[in-house]
């Protein structure tokens, strides 16, 4: 029983991180039509920049605030100078361009911060162990379990109750041609990419105290975020949420029932969902 | 049975919304027929449902006496019915000749043949050139289709459709987007093809001039139902049709 | 003379002759690099049968490459020495696997197809990585004894790099000739037609799903052949072959070289490895520079480096 609860908590905390990455990825895809291979690298960049800010100001919270904003600056450069040129072009070109960005970012981080591990301490208030149903559990993971829905709720409110959010939703989820209603489309694209970058980098900053920082940390998470996005339905906000929780929980329980083969779980999930519902769980047939 | 195409109680719904309902008609061999109706009457849905784009929700489709209801598109073609689309549907980066060769390869069951040069296949090339000559674009055989003028692209689609020598040809707005001269030529071409070959044409059109200069029999679709059918003369004088087209104003 | 130059087989023939005599001129190390280029070129051209000709972006080709490699390694470990048997079994295993993956994947398009093939590829990777008893896990399977070939009573071995090169050269040449025939066959024309407009193909009577499965299987089989060769060349089969980052290689090579030309991906492979050799002399961060080189290629060479140059020289349009 305790094991069950711990697995659920582990699954949820991992799922919430996946959700933050995936929701940015899916929104960028929904609006810009580009599946960003470098999204995981922006996650990684967020973690490193958070670490760097922490070292400067000695505050995790400042790192959480400033780190992702610095990453957004990098994201803006990427959108303005690279991505802008491949909108509407063949999928293979878009994937390859963002893959090139991935290679550049990963190696650049390796050059700047070295290829070894870095560790970020959680802030004092979240550092430590708490007793959950008689078992010891890190406080920081509980914090992740709570912060995920909080950010998700704020995003949901943003998409449903603000003008900008509604415009983005119109341009993405409802497939309305935004240009027809007199909206500045390039500005929307840029801001959506900035939002996506910020979410990825925020995810990275939040993940920093929980996992060791290495330049390749983005490569693992990008594949899993792809799976979340495709499983949930590309461009779907609720899809990203449900997909991330499904994958997080499945992977957590996979360690119990699948042993070594738990590595295959995300891909089996992907294959099964695409076979049953080719457009993903939350996207209507084209 | 002389009906090449017979449709019984055909209907299609999206969820609860019935786009077309209870359409029955039969077309005899060589008879030039047209399906008309205001925008949103369900013409394209009707075409899609009988040509294998998606299976109809209700009703049956018979081609040359054989029940082909719900067949996938490629099987409908194999049974002898081929269609054009409102938006030109061709192989843009291929040459005109390659565009016509492709259906012929499939017709001769050579599409899984992974060796041999198709351009040295006399049977196919001769047939392809014959079709291009019929349509009148044989002189452009080696040009890449993407570089052709709009009207010529429509002709290429016509050639693709006719290449397989179908018994029924469905033309979805064959003159859509054409200028008056191109339209005139297309009408002449369809007339010529209908006279020379054993092919039965069934067209949809919103341009009434085209319809009345081509069709021997006209079916009028209105809000998903077959409102009227008959010769051009009968349709012209039909009160219901006038109402449907000019309608609401007269009523109000 | 000009007519000869313009003949479509002129370039490939010259290239084949150059490759045949290359080991006489270049160093042993370069001969090994050239072997690798040829093997990856075969993989990239097989991949391009899907991307360039059929219009399908597969991100899981590594699975079939790895499968071919593992077949070869397992057979050699079990004592099977017949070269042709190994090549055949490797190809057949990849053919069967790609039939299964293709059956499930080809009804999807574009990015969805890329993602499901990526998923299947990683599924194979997970299995290779974790099925320790058979695959040796992350260490992979080493090969100690290479197959030999009996020719006119002589036993020819391939331990010497130049001999390995000629083995690779011969098999790759054979593979490319077969692929060239396929691309120019009636089936090949229908593939291009599907790339242009798959709806039109089904509306002239083609079973698009079946056609795509066959294309996927052919591509998989030749990718498996490349995998067998790489296992012999490398004396090793590792799960890394099946990882998505390995599957990205033929994508990169094809786009560098150009997807619209048959030999484009082979040139892409050449550019890729030569670039790597140059860059690693100066820096450890080869990936950084690969990324920096890829960006302008993607942005400014829509038909790839080779494709764009060829069109400039011969003023030809792409077909």
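Note that the chains take the letters A, B and C in the order they are written out, and that residue 1 is the start of every chain.
Definition applied: a contact is a pair of C-beta atoms (placed from the backbone, for glycine too) under 8 Å apart; a residue touches a chain by one contact, two chains touch by 3 or more.
The structure presented is a predicted model; accordingly, all values stated were derived computationally and were not measured.
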Chain ID, smallest distance between chain and overall C-alpha centroids: C
Farthest chain (mean CA position) relative to chain B: A
Centre-to-centre distance between chain C and chain B (centres being mean Cα positions), rounded to whole Å: 43
Whole-Å gap between the CA centroids of chain A and chain C: 33
Inter-centroid spacing, chain B versus chain A (mean Cα positions, whole Å): 49
Complex interface listing, chain C residues touching chain B: 181-182, 184-190, 192-193, 195-197, 199-208, 211, 214, 218, 317-319
Chain B residues touching chain C - in the complex, by the definition given at the top: 51-52, 72-74, 77-78, 82-83, 85, 89-95, 98, 101-103, 105-107, 110-118, 121, 144, 160-161, 163-164
Contact set on chain A toward chain C in their complex: 35, 82, 85-86, 91-93, 95-97, 99-104, 106-108, 110-111, 219, 223, 226-227, 230, 234, 260-261, 263-264, 266-268, 270-271, 274-275, 278-279
Residues of chain C defined as touching chain A within the complex: 51, 57, 59, 104, 107-108, 110-112, 114-116, 118-120, 122-123, 126-127, 129-130, 132, 244-245, 248, 251-252, 255, 259, 285, 287-288, 290-292, 294-295, 298-299, 302
